[in-house]
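Here the chain labels run A, B and C in written order, and each chain numbers its own residues starting at 1.
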Amino acid sequence: MSAAAQRLSGNPGHAAAVRILELRTVRKTYRTLRRDNIVALSPTSLAFEAGEFVSIVGPSGCGKTTLLNITSGLLRPSAGAILFRGSTVDGPTPEISMVFQRPVLLPWRKVIDNVLLPVEVLGLRPAQSFRERAAELLAMLGLTGFAETYPRELSGGMQQRVAIARALIYDSSVLLMDEPFASLDAMTREELNLELLRIWEVTGRTIVFVTHNIPEAVLLSDRVVVMTPRPGKVSAVIPVPLPRPRSLSLLGDPAFGCIVSEVRELLRVRSEVVARAGEA
Amino acid sequence: MRQENLPVASHPWSRRRALKAAGLAGAAAFAPAALSAPAIAQSRRKVTLVYGVQTIDSPADDFFAAIPLGLGLYAEEGLDVRIETVAGAGAAVNLLVSGQAQFATHGTAGLLDGVDKGAPIQGFTCEIPGFIESIAVLADGPIKTFDDLKGKTIGVSANAGAPVYMVKAVMRERGWNPDADASLLAVGTGLPALDALRRNRVQAIVEWDTIYGLFEFYGAKFRFLRPPPIPTLGFAHTTNATIALIAKDPQMVVGLARAIAKAIVYMAAAPPDELTNLHYKMFPASRPAGLSEGQIYRLDALRLHARTAFMGLNARVFERTVKIGDVSDGKILAFRDLLYTGGEIHHSFPADRYFTRQFLAPSNDFDIPALITKAKALRV
Amino acid sequence: MRTGAVNALYATGTFVVVLLAWQVIVSALHLAAYFIPTPLEILAALVSERVVYAANLLITLWSTLLAFVIATAIAVILGALVSEVLFLRRTVYPLLIALQSMPRIALAPVIIVWFGFGISSKVVLGAFTAFFPIFLNTVHGIATTDRDHLALMRTLRANRWQVFCKVKLPGALPFLLAGANIAIIFAILAVIVGEFLGANRGMGYLIVNESNQMDMAGVFASIFLLSAAGLCFHYGLGFLRRWLLFWAASSEPDADGS
């Protein structure tokens, strides 16, 4: 089966899948002022297959943002390695693009110029075809007609869409997303969730999606990575074998509810353990 | 037959001959210019003259300024003079010694200070051989003589300098205690000084000639006191150069001195209003914006009159018993002693160290009577 | 728009009232002209010597503009270099900070001796004083570049030049222009001081002349002209700021995602 067909059938296949991104015993510790070592991320190993949609959920302090930053190359791990298609990654690479929590648009550039920023920086040619692609992406994200406006004229949700368009303008294989819809209201969020799924299906990229919203994670992903804090570590990886394409009607589905409860229980139990450990 | 088939040489007006003719004509046209070019290059030498006061306020100061510049007197001597103004004689001496100016014109205190500190400078023409500072009291006031000032306050332009030494010398001459029998208060040189006198915060002021002219314009009426030793003093303003320049280029020095001497003739003989016109033509920025034309004429006439009273013009210009630019050794030494007693200078040199008379004869070598007539007819 | 016009009306009105009061009080008290002139006398002085005022104002304004432009150029370049090159930050930056604490106006006589009486000494003096606010603000602006913007550029593997031109410099612009506002005032003050101390032209020189001539009406007229020039610079810079910083309203999304 083709990777796309596997996705549609909800069956993350086996032999035909490519291990596109791998974390091998990645650890991150920080030195505090009192010379203690804080473990932000315990030794973690994760593997992502090409075309997968994987969510990472957990409460604050569980290390999910640290994990994402290390994966993108922005942060150096204290130990362990990141492998992209089998070769070590030691810094940011155009193969891995990132969408931050805040839209991080350059306010002095128009929307279209913000979307085209990676093209400028990476020196991609020909410029005209990228312009066209930018227009297509904006259309796909419902932003037709806003190409010539400035970020300050857009709402938060629209700005975040521009940031997504920017992450998609160039041919990265992996898209990392750090709670991109956290600051938006529930309705905009649901809208953007569906749009994201559509984009994922069209572009076929591997997406690693960090969130603290469990239903969102289950709705979007093939697998959910559950992380717990103190020390930050991966406590479980839950597969989501629900059929694709997914829609909001899934939210009422008992199978959906089951997986959500499972994840929630995992988080509650772990955090109780942690809290009790803290009280002891 | 077509023109171009003719042999060139036989053509009555061939191109070659035309070019030759043009060349000769051009050379003929340029020859006078070419021949005189060295003469032109020599005739206008660039010279910087620095003045020890920031502004040239009135025709009273024009003997080195508007008159020789505006009437071409410097140009006649082959000099292209640029005047720079600086704040204070000290700065002027600095520029002279550092070579940034060839000549400096300023009050003699600056000259003596400079010589005292070892500056290799010397005066070569003394434009103001009189002592321009006087003690003034209100004409309708209770003070009639200097003795009336015992126990009173005298306003001085600044807390140090020639005016202060002068007042103390007067007091000493009368057997007073210079530090106790009258007190001195710094009142500046502007209208605050006049104000202090009018409000009786001081009972007398000490300023110089043109300042009094300005005050009189604003309605003040003064009684001037010039008790001894003031009449013996009288070496107020010179134009100076480095000793090296005087030795190396006496022609240039003579030229400058002569231009100034001619300017002094104009100051003596020309109609004051014409000198006023000339001044503001050359220095439009100095024109008082708040005064009408008539008022400006009146003000400058007062200032010019105040200044010329100290320039010894009768003897120098009209009777010609003394050379323009000359000053007696006695006056030089009296001023030196004033500064020495006052503690401003620490060495006492002979008069000819401060001032040289070598250029007086050549600088007076022009037809003075003819110039007087020309000056009287000046129309600007 | 309406509030702008109303404000302007209030301002002008107040100004007119003050002038009228001044005129009436001085005339009624018969204060001497050399003590304080009336607004009418000041106006008469301005009008009668308008050619002289225009010529000298032009010189001062030209010197100020030159000084400001030169200071801005050097300050931005040095600010960028000091921010980007560690070696320069360790050597040049402390030196400049030390220079800044020196009373620069006190150097005016020295600068005049070095550069002469012409316009160059005034421009040097003006540029020297105007340099520091712009330089410091540029460095600060670059140092406080949005961390997220820098992270974004890192994910794109942008080189230092790209980061500087596309993110650091535009981001520093608000600070730079704030510094420019201060700098231009410094520049004009320094130029005028230079003209006080050693010049043959310019408003400073004119004021010295007027002051020596006890021409109070002239002095006030000069001061008014210079204030007007200062106001023009201020508003001119304001326009420039609004034009260049059109994007500087908040670009952050509101809490409700709107």
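What to note about this one:
Note that a contact is a pair of C-beta atoms (placed from the backbone, for glycine too) under 8 Å apart; a residue touches a chain by one contact, two chains touch by 3 or more.
These figures come from a predicted structure and were not determined experimentally.
Nearest to the overall CA centre, using the mean of each chain's CA atoms, is chain C. Among the remaining chains, A is positioned farthest from subunit C, on the basis of C-alpha centroids. Each chain gets one centre point, the mean of its Cα atoms, and the points for subunit A and subunit C are 49 Å apart.
If each chain is reduced to the centroid of its CA atoms, subunit B and subunit C end up 39 Å from each other. In whole angstrom, the spacing between the mean C-alpha positions of subunit A and subunit B is 87. In subunit A, no position touches at least two other chains.
Residues of subunit C in contact with at least two other chains: none. Of all residues in subunit C, those touching subunit B in their complex are 32-35, 37, 41-42, 44-46, 48-49, 51-53, 56, 109, 113, 116-117, 196-198, 200-201, 205-206, 208-218, 221. Only residues 146, 148-149, 151-158, 162, 166-167, 170, 173, 246-258 of subunit C touch subunit A when the two sit together in their complex. Note for the complex: subunit B touches subunit C at residues 54-55, 57, 83-87, 91, 94-95, 98, 100, 190-191, 195, 214, 218, 284-291. Across the complex, subunit C is touched by residues 72-74, 91-94, 96-98, 100, 102-108, 117-118, 120-122, 150-152, 155-157, 159-160, 183-185, 188 of subunit A.
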